[in-house]
């Protein structure tokens, strides 16, 4: 047993959490351009900063998933032409 | 209000409407985040993963609290006065239904042509 | 009462769940042989007892 | 006392393993229920209480899963081994005589 690797089930849950966090981060970032209230905007910015930190930490630990693989430069299947 | 998205009468109260919607979205995301993290915690076995998720769970709960307080403060959310909340719910549902009926993007939204080559290729 | 309705309902929900857990832990502890497991269960009983007392005080506050 | 109860109730399958599993599932669903409840609470007092209880449920879950892993009743890192164990448990449960 390789102690560095994560268990299957926790890796799958990390997958869920990472995708959710990514969506949250992008929403909090982009919605700042749409909100009017500056207090709300400030709180969203705080969320962006916290989420970036959290996402970085999650990525670092996700590296140890049993199905870890080399990361390509961009999405493998282009949608244009 | 009418269904013409270019009619200036429709821009009345838009800031309040927009902010309540975005704040509600933010609140729901924070809520779901806490729940997701807790579920992931009960599935994790590695101490490092548990440690990380537990910290993020605590942070998530704190963020949820802050959003709740902000929304109560701004009168966008009334957890203690259910009939106030009821009015808001119905109003925002009505307004959103109206937006749903608008023809917001009448022209073709395919912008792929803007991305198909680098500037040097011209 | 100064609590919102939905939180009182949540507390009620958790209290019901915890009552169930405590009852089960208390009865099942008698059937367990392993010392270590007995200890963990006793700990669960202690913590659950305290938690239930806390719920009871909130719920009685919430009663009008 | 245990053998007597087992004889009386026919529950000699109610081993420590089953009890521990029950405790694990209770801790797990407890933690999930708490997470739901925390995000419904608005009053700081109730929220703090529920957050504390959530952390306690997570501690209990951690403790009981470590205990079960130590006993070999829970194989977090070896899915195949865990499946074998599950199949065994399923058979034990299926072969239980009902009272």
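Residue numbering begins at 1 within each chain, and the chains themselves are lettered A, B, C and D in the order written.
One rule holds in what follows: a contact is a pair of C-beta atoms (placed from the backbone, for glycine too) under 8 Å apart; a residue touches a chain by one contact, two chains touch by 3 or more.
All values reported here derive from a predicted model rather than from experimental measurement.
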Task: Could you see whether A-B or A-D has the larger number of C-beta contact pairs?
output: A-B
Task: Return the distance between the CA-based centres of chain C and chain D, expressed in whole Å.
output: 16
Field: Distance from the mean Cα position of chain D to that of chain A, given in whole angstrom
entry: 31
- line: Distance in whole angstrom between the CA centres of chain B and chain D is 36
Where chain D touches two or more other chains at once, by residue number: 34, 36, 42, 76-77
Message: Quick check: what residues of chain B touch more than one other chain, meaning two or more?
response: 30, 37, 39, 45, 79-80
Task: Specify, in ascending order, the residues of chain C that touch 2 or more different other chains.
output: 2, 4, 6-7
- line: Chains touch one another in the pairs A-B, A-D, B-C, B-D, C-D
- prompt: What does chain D use to touch chain B in their complex?
  reply: 27-28, 31-32, 34-36, 38-39, 42, 44, 47, 51, 54-55, 58, 61-62, 65, 69, 76-77
- line: As the complex stands, chain B meets chain C at residues 79-80, 82
Query: If you look only at chain C, which of its residues touch chain D in the complex?
result: 2-4, 6-7, 10-11, 13-14, 17-18, 21, 24-25, 28, 30-34, 36-37, 40-41, 43-44, 47, 51, 54, 58
Query: Where on chain B does chain A make contact in their complex?
result: 15, 18-19, 22-23, 25-26, 29-30, 32-33, 36-37, 39-40, 43-46, 48-49, 52-53, 56, 59, 63, 66-67, 70, 74, 112, 115-116
Statement: chain C partner, complex, touching residues on chain D are 1-2, 5-6, 11, 14, 16, 19-20, 22-23, 26, 29-30, 33-34, 36-37, 40-43, 46, 49-50, 53, 56, 60, 63-64, 67
